[in-house]
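Consider the two complexes below, in which chain A is the common component and chain B and chain C are the respective partners.
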Partner chain A sequence: MQTYILRRVLLMIPTLMLVAIGIFVLTHLMPGDVIMIQLEGAASFTPEQYESIKKELGMDKPYIYQMGKWLWGLTHLDMGNSLWNNKPVTEEIFSRLPTTLQLAFMAFIVSSVLGIVFGVVAAIRQDTMLDHVTRIFAVGGLSLPDFWVGTLIILLPIIWFNWGFQTTYADPWEDFGRNMQLMVPAATAIGVRASASVMRLTRTTMLEVLRNDFIRTAHAKGLRERMVIYRHALRNALIPVVTVMGTQLSRLLGGTVIVEMLFAIPGVGRLLLDSITQRDLTQVQGNIMVIAGIFIMMNLIVDISYGFLDPRIRYGRL
Partner chain B sequence: MRKFRLLAPALLASGMLAMLLIMGCGGSDDDSTTTSTTTESSSAASTAASSSSSTSEAAAETKEEAKAEATTATTTETTSAAAPAATSGDVAQPQYGGEWTFQSTSPRIGQDPINTTGTGYFYNWGTALSSLLRYKMDPSICSGCYEIIGDLADSWTVDGLDVTLHINPDAKWQGSGAPTVAGLNGRNFTAEDAVFGVKRLAGEGSYHVGYWAAMESVSADGDNVKFKLKYPSATFIPNVAYGFNKMSAPEAVDAGGGNLQNGPTIGTSGFTVDCEVDVQCVYTRNPDFHLSDDNGNQLPYLSQARNIIIPDVQARFAAFRARKLDTHGITAEQRIIIDRQYPEIQNDEIKHYGSWFIHFRNDQAPWNDKRVRQAVSKSIDRQEIYDTIYGGLAHMSLAMAMPAAEAYLPQEEFKKAWKRDCTEAKSLLTAAGFPDGLDAKFWVANYSETTIAVVELMQQQLKECGIRIELFIHDRATYLARVFTRHGEFEDMAYGPQGIFTADQWLSAYYHSEGGRNSSWTDDPELDKMIDAQRQQMDPAKRNQELLDIQAYLLDQTYQAVILTGYSRTSHQPYIKNYAYSSGLDYPGRRHVEHIWVDKDEYLTYRNEKEWID
Partner chain C sequence: MAQEQVIDTLQERGNPPFLQRFIKSTLRFIKKKPVGAFGALLMIIMIFCAGTAQWISPYDPYQVHPRDRITGTFERGEDTGNYYILGTDEIGRDLLSRTIYGARTSVTVSFLAIIIGTTTGSVIGMVSAFFGGKFDLVIQRIIDAMFAFPLLIFALAIVSVVGQSMMNVVMALAIVLIPSVARTVRGAALSVMEMPYMESCRTIGASTFRTVALHLMPNVTAVIIVLASIQLGSAIIVEASLSFLGLGTPPPTPSWGAMLSGSSRNFLEIAPHMAIIPGMAISMAVLGINLLGDAIRDLWDPRMRGSQ
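What follows is the complex of A and B.
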């Protein structure tokens, strides 16, 4: 197991390097530049002024030099400074990362609880009205974009009750109540949609497991239904679900981008979107790199967790 | 019972889903509010607003004489169902205390005033700083009018090439509430500070060098700051007053390591600022502020103001409806909801000079032929665009804020010149060698869906007159890099916004062959000569006439086709008083915050969940 983990961690290095090169190339293919946006408010400017700012920001150097600098910086966790506000990119990201992780985690809880509960209910009541309703919910959930659900969550209380959600974010350590007032609706907006795929998968795998011989044996032994479902069926059915949930947590991080904008949450997703709009390329690179890193880490954790969930799985050579 | 336990969550979930689906199918009367309006265009444009001016004060010898002669050139309409006396023109006695909450751009931006032109800085961090002079903010000042008054300097004289500003002896750097920097907090603002600030603004690395182009030298002489100009300039004093030209303290720059990119932000204005990036900025009253209103009451009136950062347009409007915002720029559709459901809300509709216009590639055929450009302009039914997309709230102009009412070309002239006439457009095209019409590429800055609606309507109008355009829609960053530059790299035509500029700024930047925003590649020596002449014309009456001549010339040449100039729609909660909107010439400074006051009784009635702040 330890060897497996070590090998996977070592494999992450070239993976991340390739990701870093890809990010650099793609961000630099974007048209537009940060200087013109910074100068948008200037009635006039001279080409000399433009060149001077370009030099100051290090954008006058050849791309290959800039990429080398970016890659070298990554080796010691230095992603450079933001082209927009000159602050270290890592500082900008890590000051916001806890907020995004909190949102993603809360959305994960919402999606997991809704998904697994409804999935199990649908499976054990297959082809009943309950099953049909939850399946409609799942298909509907897959069809509803996060931003749409989020917009409705914001607008409905205003239209119905003339009441609105909290508008300013608060750190949970400083004002937990105010933090929850903003994070719960935001997490729901992301989680409701994500729960649909968990629910569908849980239902399918539960149905498969419930038809296995060992379930029949368990019933024959006289075990209570609840014991059969939760101890024997659900545990086995959850293995593929965990895989999906693991990758979903990474996807939920992506889902935070729009929802953070909608609910005015100062997280990494919103920073990424702002940076793209402002063509703050160093910040964009840093944000995507961190999200990519988290994604790769989550995949590793999911793979490792198989061994704990299913004792039949053993890790050998790669 | 067990069945019910299993059923309950499913029923709950299906109920939620049904609710969402029902609402998504038309339950929201807000669905249409994402449509942008002139307000939106102006807000997009306001990020690029700028100002310098050419007013009579440059030739005057005293402050009184130097007041601009601008008069009402535009209209300000204020309507309110329940609180008619609450906005511009309010005569009630101002009250001290209270909080005003609004929404603006995020403060995630460098804090050095010399290195930014962004609203994120000037509406947030920059609120703590002042200029030497300022544009007067007053309910009596209407859109399109401006007047220069003192700020850190309380008077000035202009004598040929010598300009002298006298520093206000009451002006002080902020003390309590501002970051602590040794030797600075609470001390008087001096002429040496002014020289330091001006040299930073006019020096290497500053984005605002252009405003100081006429300056030869600056020096301190006791309580006076003395400028020597290179040439007579009708625009120097308005440039000094311009909101970008904020003074910064030498001690603060030292404390910041030679710049103010990461602060400390310590200024001389009516408010100290504390920002939580991407969350909010809180502005706290500076009790030592040096300015008073016309009745001698010290400004500002508010104890506190808060800018809550809400990026999403629907969430913003929801916050306003829930009274979590006191003031909000609204769209035409939102106005309908407000009128119907919130009769107590006050609404301002204010004409301004932010604009949307078409750039031509004047350096290339066929656009170097005046007749082709005129054919495009003649093919567009501007009034139809105003009526169908902007609810009638747009007007015709060349998008320049003039120094005086007499310098504005009458609306009738525009209506006559820009009347849609397909027959004439086709004749012009035939005369230019295009009897079968013309195919062209048309770049668009995608600032909002309103922009797209406008260009699609123009596409139809142009097609009816024989001009077939293919739309290329670009995001803001691409548009700025490719079009909004000295020589635009677009093909044929491009359509985008611009902010509120005074005549000299517009002419110098957009139409002069050396202009930094000459995106249309205009190169007309006769026009260059006219632009240079008006800038140095110190006689106000003569300058007004020169500006009229230039406008007539531009109407004929059609180097760019201005499609519309706009209005701002702003709504306020009933307790907000004295919201002194300006034409934008105070941009970007939020200086009207100093004039706003809150009616305590009404505030506590409507916002009883919030405590009153003294």
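What follows is the complex of A and C.
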């Protein structure tokens, strides 16, 4: 198991490097002049201004030098200074990172708990009313974009009870209650759509597993129903579900950007949007790098947990 | 003369007219996959709205009616006396017309992106599987790196760098779709490469282009089409999300995502319909494509055939 984890961690390094190069290519070599976009806000500009921004961004140097500088900076977490307030990019990101991680983690909990619980219940009570309702919800849930679910969560209480969510963010260490008042609906908005596919897959794999011989054996030796389902059926059904949960991470992280804007939560996604509107290129670059890094890390955790769930993978040649 | 008649009748018998065949196969599809057919109906409505927006929308979507601001649904404007089926927004633009035109934006952007993205991704996947070796390895590492960006963030990043315009949004969406298409098509192509007929191709000395275009491609087409139909849903959602974040097709072009954000948020209490209508439109569109995509996958995907 240790070698497996070590291998996966080491394989992460070349991916991270390629991602860093990718971001560099994206921001420097894509068609569209970044400097022009920088200057778009100004009513008029002189060629000198153009040159000075070019110099400030370090774009007057050859590409290979710029790329080397960006990659070398990354090795000791230096991603340059923000063009907006001249503070180090990483400082701003790391001060906001806990909020986004909390949101993503809560959304992950919402989606997996909702998905697995309802998926299992639908499979056990196949073809009952509960099963049908769950399946309709699963298909419908996939069609609801995060921002629409979020809007409904804000909107429906206003229409029905004439009561709206309070939308001021509070630090969880200072005022946990107020923090939760904002984070719970926000996490739900992200988690609902992600839970739909988890639910669908849990139901299908549960149904398949429940038809197996070893389940009949477990029943035959007189195990309680609960024992059969948790110990024998669920553990085997969860393996493909974990993989899907891994692919859901992309949705969760994309969702945090939208929901942070919707609920005014000061996280990394919100920072990304703000720096895009402020045309703060270095900050955008750093933000995308950090989000991609988190994504790779989360995928790694999913992969490793996969190894814990299925011993065959540990000893396999993966 | 008589000979021609015989040929005509023979042709008719062996090959019923197109319309008749079409109706027959449609009816069979409805009978076999009623839910998928419902999805197809939703899609047809959306595409119809997109195609005929300038004829079926009751008013000009850009026309501002300053004194008919925030008219409720099924109400007449106080000033002009226009009948607004779905009401108006905060500067008095007809919401029904804007929703219909929004379908045009959504369909144009997502379909173009799907066509470009799926084609590019498929070519990359097939070529990568065909040549194998180092070339394949390099391509796969690049695709892996592209996978490290969450869909929406990737699209956001591209749009923020290349600037905002409808074509740029299309391009961003297309690029974002490439990695998953390339990976899936590569997998499918690898299994086709094992087939005896691919070896025969090599034996008779067929050119690379001929082998890939005439023998490899037709055998992965089903996978590509299934994939495209599934991806279309996320393309619509990402497009709407981009415009929701204010980075999609620039205003005043009507777009569902943009209609849901911005000013409609400030009027949630007094005019919830301003948010509900575009929200419903997006959900219906994505629901339609998801239901249809599921049906297509069940019918066409070789792996799913016979399983249900």
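Here, the second predicted complex is superposed on the first by the 269 of 318 C-alpha atoms of A that agree within 3 Å, B and C clash if a C-alpha of one lies under 4 Å from a C-alpha of the other, contacts with A are read in each partner's own complex, and residues count from 1 in each chain.
The working rule: a contact is a pair of C-beta atoms (placed from the backbone, for glycine too) under 8 Å apart; a residue touches a chain by one contact, two chains touch by 3 or more.
Please read these numbers as outputs of a predicted model, since none were measured by experiment.
In the superposition on chain A, contact of A:232 is made with neither chain B nor chain C. Contacts of A:125 after superposition on the shared chain: chain B is touched, whereas chain C is not. By the touch criterion stated above, A:251 is placed in contact with chain C alone, chain B being left untouched.
Once chain A of one complex is fitted onto chain A of the other, the partner contacts of A:200 are absent, as it touches neither chain B nor chain C. In the superposition on chain A, contact is made by A:261 with both chain B and chain C. Taking chain A as the reference, the larger set of touched residues comes from B, when chain B and chain C are compared. With the contact threshold set out at the top, residues 30-32, 37, 140, 144, 148, 151-152, 154-155, 158-159, 164, 261, 277 of chain A are in contact with chain B in one structure and with chain C in the other. Interface residues of chain B facing chain A in the complex, by the touch rule stated above, are 6-7, 9-11, 13-14, 16-17, 19-21, 23-24, 27-30, 47-52, 106, 108-110, 115-119, 204-205, 207-210, 244, 261-262, 276-280, 308-312, 314-315, 318-319, 321-322, 324-325, 474-482, 484-486, 499, 501, 505-506, 508-509, 515-517, 588.
Residues 141-142, 144-146, 148-153, 156-158, 160-163, 168, 233, 237, 240-241, 244-247, 257, 260-261, 265, 268-269, 272, 275-276, 279, 282-284, 286-287, 290-291, 294 of chain C are the ones touching chain A in the complex.
The touching residues of chain A, when paired with chain B in their complex, are 30-33, 36-47, 49, 52-53, 56, 84-87, 114, 117-118, 121-122, 124-125, 130, 133-134, 136-137, 140-141, 144, 148-149, 151-152, 154-156, 158-159, 162-165, 167-169, 192, 261-264, 266, 270-271, 274, 277-279. Chain A meets chain C in the complex at residues 14-16, 18-19, 21-23, 26-27, 30-32, 34, 37, 139-140, 142-148, 151-152, 154-155, 158-159, 164, 249-251, 253-255, 257-258, 261, 272-273, 276-277, 284, 288, 291-292, 295-296.
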